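First, the structure itself, so that you have it in front of you.
Think of it as A, B and C in the order they're written, each chain with its own count starting at 1.
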Amino acid sequence: MATTVTSTKTAEKRETSSGRGSKFPGPNGKGPKGNGNGGGRRGPRRGLSPEAYRVTMWMVIAAIVMMFAALSSAYIILSFDGERRRVTMPPMFFLSTGIIILSSFTIETAKRSLKRENESRYRGWTIATLVLGLFFLAAQVMGWRELAAQGVYFASHPHSTFFYFFTGVHGVHLLGGIAGLSYLAIRGQRKGKVGKVMPKETSAGLMSLYWHTMDALWIWLFLLLLILK
Amino acid sequence: MGRVLAVIIWILTLGSVSLFFVKKWWFPQAISAHAAALDRQFVLTIIVVGIAFTAAQVGLGYVVWKYRDRGPNDRAVYTHGSNRLEVVWTVVTAVIFISLAVMGQSVWASLHFNKAPVGAYQVEVVAQQFQWNFHYAGKDGIFGRTDPNLIDDSATNYIGLDSTDPNAKDDMTHTVIAIPEGRPVELILRSRDVIHNFWVPQLRFKQDLVPGMNIRVHFTANRPGKYELACAELCGQFHYRMRSFMLVLPTAEHEALMALPQDQFQARITELLAKYQLPAYQQ
Amino acid sequence: MSSETHEAVHRHEAPTSFIRKYIFSLDHKVIGIQYIILALTAVVVGVTMSVLMRLNLSWPGTSWSILGTLFPTGAPGGIMNPEFYLSLVTMHGTIMVFFVLTTAPQGGFGNYFLPIQIGAEDMAFPFLNMMSFWVTFVGFIVILAAIFVEGNTTIATSALGVWLGGGSGSTVGPIGGWTGYAPLSAVGVAAGPGQGAGMNLWIVSIAIFCIGSLLGALNFITTLLNMRTRGMTLMRMPLTCWAWFTTAVLALLSFPVLLGGGILLLLDRTVGTSFFIPGGLVFGSSVLNTHTGGSPILWQHLFWFFGHPEVYIAILPGMGATSHILSTFARKPVFGYRAMVFAIFAIGLLGFFVWGHHMFISGMSPYSAMTFSILTLSIGVPSAVKTFNWLGTLWGARIRFTTPMLFAIGFVSLFVAGGITGLVLGQTSLDLPMHDTYFVPAHFHLVMGVASIFGMFAAIYFWFPKMFGRFMSERLGKFHFWLTFVGVYCIFVPMHTMGMVGMPRRYANFGEYRFLDSIHPLVIFVSIAAIITALVQLVFYFNLIWSVFKGKKAGDNPWEATTLEWNTTSPPPHDNFAGVLPVVYRGPYEFAVPGAPNDYVMQTEPDASTAGEGVGGNGHNGHKH
């Protein structure tokens, strides 16, 4: 069993802890035999491919969706109580819905700009999305004021509570998205395709995935509140 | 080592199974109409369970006894399994389990899928920390209105009966439940504070009492006597002594009881509690 | 030099400082050990509480002077108050389910061995991994704090205690049971003692735990899907990896629901919302006017939607370890590897559709109850298939009775014993007499509290030589096994009968009811068995600690096993494989291969007929029995 060093890619990644590379002169050294590499997506063996990060982001989204699914079922169940009052949908929430839909377009534009290698436009549209996100949150808070004005408070009937609660929990998650956008906008100043941890295209893709999810989630919550109010 | 392990597994199996066989500790004698079917289903299930348990443990003991390592020249059988076996034992297990599942629904369906039969005797149950309250409709058969705001424990109005309601005039309340023998009984279950659970072991029946809900259940008791009533859902620190009694009375005796005026009702219940003894339990 | 995208160098340098090496470490092996130590600590707390519970049930009214000294309000004169007892019940359940059964099997052994078994240098996100442990640790501190805030009158009535929710000083935590049903858990101190600060801290602790678990789940899934070494296809992974993967998916999808429910409950308790509190409740003589419209059953749905997958989270890693260890010491491939993988998936998937079997008599629709019941008995099928395959693995084997093997065999025996009574409880009709009696704890302790733990014991004895380069004492290990195996049968089988007689759960005292008089001898028997079994675990702890320093030295592959962890040193180097990632040529359980010189062929072996010859053959390090 001759020991051949593996491909150069893996050889480079071996940094300081090498020097013991010959400890296991067993079959490891064999060159690529093209066998059983059925794992599918595979970049260089020591790094995480962009797909890997995308999978992780989908996992994060799955967890977030499960929590909102639980809260949505709670809302649906509690809406069938005859004792509750009718709530009028605050007009501000219509506005905020429009804002967030718009922001999905801006972040999509940002991502496409990056694909077309237009870094400054990418930054610009990212910042635009961030600003829209902030406006969204502001509109939500104004919506709360409108709720209070019609006598609907947080600790009223649970059906009413959800108008505040859904916007609040969604807003917290959106803040996470805003933090991410800020990070990208700042880091985006650095030239080149490669970010600190992953390629810029990857991070832009992940960010837009998260942001679109926040958008879709808000649309769901908004419709749920609208239909069952 | 393998032999010792096999023997110990078999002894433990024998011990476990005999605990059930001996029937020294078993359900108390049943007093309800659905109990016979329920007990039959239980015995059937336990037999299936017992056979599966014993077979698996005997099998496990057998393989660890027989297939111990006998030395370096001895190799195990190289096999990755058998698809046919997988299909066979999956199908057999599925058939047995699903059959049990379907059979196990019939008593449940008979109790819960139908409303109480017409003419059922109704009692309203209001549980609280840590006491049972039973509300009897009296001669008019209509329950008086209750309101939580009228609850006054110090005045023994535990269920908040509205004395201004004409239907409440002949209502009676007590911490003991008295039901007629051989006649369907409908309980309307409510709670004042937290979740409780109405349970008389001999009845083979229990149900949560959930605050904010009026839950209706029905059953028929067919053996007169006095039975202990326990709470079967954690309700606070005195959950363990939320104790009362269920009296199952012959029809005539029950009618006579319910016809009594309120001032004699309490005393009569006390008499009946002394008259009927708790069942003799195995010792 | 690869000039295109510079891939993530998630690999980290070997740390040098003590803090970076052992405290805030990014190394999955250190983090795994940290989780195991957390579980080993938590289980001591949990077992102590259960022994106290047994003492109270068996000899009620006895004065235990230590209790009286430590908890003068909760156990005045050394005699336990009923609320004190109930808080022990609650904390025992919570600590065991979360901080023992959801940490060691997954976060402990999974963290340590998943990367190595798939041929990776570390988890995908080492920083997140470290965070998941420390977040879980904080959760543990918070639940311990509940003991002190509720158990000490000075703390409970101090400014901090009052801000946290107040307390009576007469319990060691909340008293809602680990299930915390509303409205008992939702209305606060109005419902009695043990509903103050302890309950708030309980919810907060569990919420923190949820987050730690979610971080862990992300890591496991990403790592397994993306970082397998060359040749390690999904169907060549050890069954332990499949189990950890499925467990992580269950955790990912179920913990967020608990988190949501927990937040709602905390809001009900602290800011006056009414998610779980209907209107018109009366406590003592005051009507609770501030709440209306809530549904207590909603809490149960949210809790059990999480709670049922949770119990599969607790058992699946143990099943994976059992399959792995049985095969290794039977010197025979796992029988029906593919079926085992499907069974793991089936259990995981079905586990999401059966939560209502905890709620048959809750007041939910009886038609839903029936549906849940039929689905519940269906989940017995993949579990039975796994049992048949374990027996099939042992059939025709050449069994080496090492301590890990004994525990793995014990797992099979106990899993059958516990699982089989699920067929009783899962039927709606039979749940009518059985709900909330001791039949239920008999069932779940046998599967969770014993089978799962046996899976962990098997894993510890099996992997200890790899983790520390030394064996645990076989003699002490076998002593531990025999007494524990017999002991747990003695503890939990009688509980079935107690349940049939009618012994209700969560009763601080059985003296009030005549129908319970007959079971007293059983209660005493169980307690004596429990105390002896608990004491025997001290032998295990001694063995564990002593062996780290003085155990007989072990080589790289002392058990003559086949999977990738046995290809590297004991303990493995910082990057697991000393810079040379293994290449995989075959499946994980190639024992007794015809034509191979040894009775095992490692996964990295390209040619079975020459396996083990020359360098790398570890037959000499074998540890035969």
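Just so it is clear, a contact is a pair of C-beta atoms (placed from the backbone, for glycine too) under 8 Å apart; a residue touches a chain by one contact, two chains touch by 3 or more.
Here the structure is a predicted model, which means the values were calculated and not measured.
J.: Give the chain pair, either A-C or B-C, that is connected by more C-beta contacts.
T.: B-C is joined by more C-beta pairs in contact.
J.: Of all chains present, which has the mean Cα position farthest from that of subunit B?
T.: A
J.: For subunit A versus subunit B, what separation do you get between their C-alpha means, in angstrom?
T.: 49
J.: Quick one: report the Å distance separating subunit A from subunit C, using the average Cα coordinate of each chain.
T.: Subunit A and subunit C have C-alpha centres separated by 31 Å.
J.: Which subunit B residues touch at least two other chains?
T.: There are none in subunit B.
J.: Return the residues of subunit C touching two or more other chains; collapse runs of consecutive numbers into ranges.
T.: Residues 279, 294-295.
J.: Touching subunit C in the complex: which residues of subunit A?
T.: Going through subunit A, the ones touching subunit C are 1, 6, 9-10, 12-21, 23-30, 32-33, 35-39, 41, 43-49, 51-52, 55-56, 59-60, 62-64, 66-71, 73-74, 77-78, 81, 83-84, 154-155, 157-159, 161, 165, 169, 193-194, 197-199.
J.: In the complex formed with subunit B, which residues of subunit C make contact?
T.: For this pair, the touching residues of subunit C are 81-83, 86, 175-177, 181, 183-184, 187, 191-194, 278-285, 287, 294-297, 330-339, 360-363, 366-367, 369-370, 373-374, 376-378, 380-381, 384-385, 387-389, 391-392, 394-401, 406, 409, 412-413, 416-417, 420-421, 423-424, 426-430, 432-433, 435-437, 482, 485-486, 489, 493-494, 496-498, 500-502, 504-510, 512-515, 517-519, 522, 591-594, 599, 624-625.
J.: Would you mind writing out the residues of subunit C in touch with subunit A in their complex?
T.: Counting only subunit C, the residues touching subunit A are 1-2, 5-11, 13-14, 121, 124-125, 214, 217-218, 221-222, 225-236, 252-257, 259-261, 263-264, 267, 271-275, 279, 290, 292-295, 298, 301-302, 305, 567-568, 573-575, 577-585, 604-606, 610, 614-616.
J.: For the complex, give me every residue of subunit B touching subunit C.
T.: Within the complex, subunit B contacts subunit C at residues 1-2, 5, 8-9, 12, 15-16, 19-20, 25-28, 37-38, 41-42, 45-46, 48-49, 52-53, 56-57, 59-60, 63-64, 67-70, 72, 74-82, 85-86, 89-90, 93-94, 97-98, 100-109, 111-113, 128-129, 148-149, 151-154, 160, 192-195, 197, 199, 201, 204-208, 210-213, 215, 228, 230-241, 243, 278-279, 281-283.
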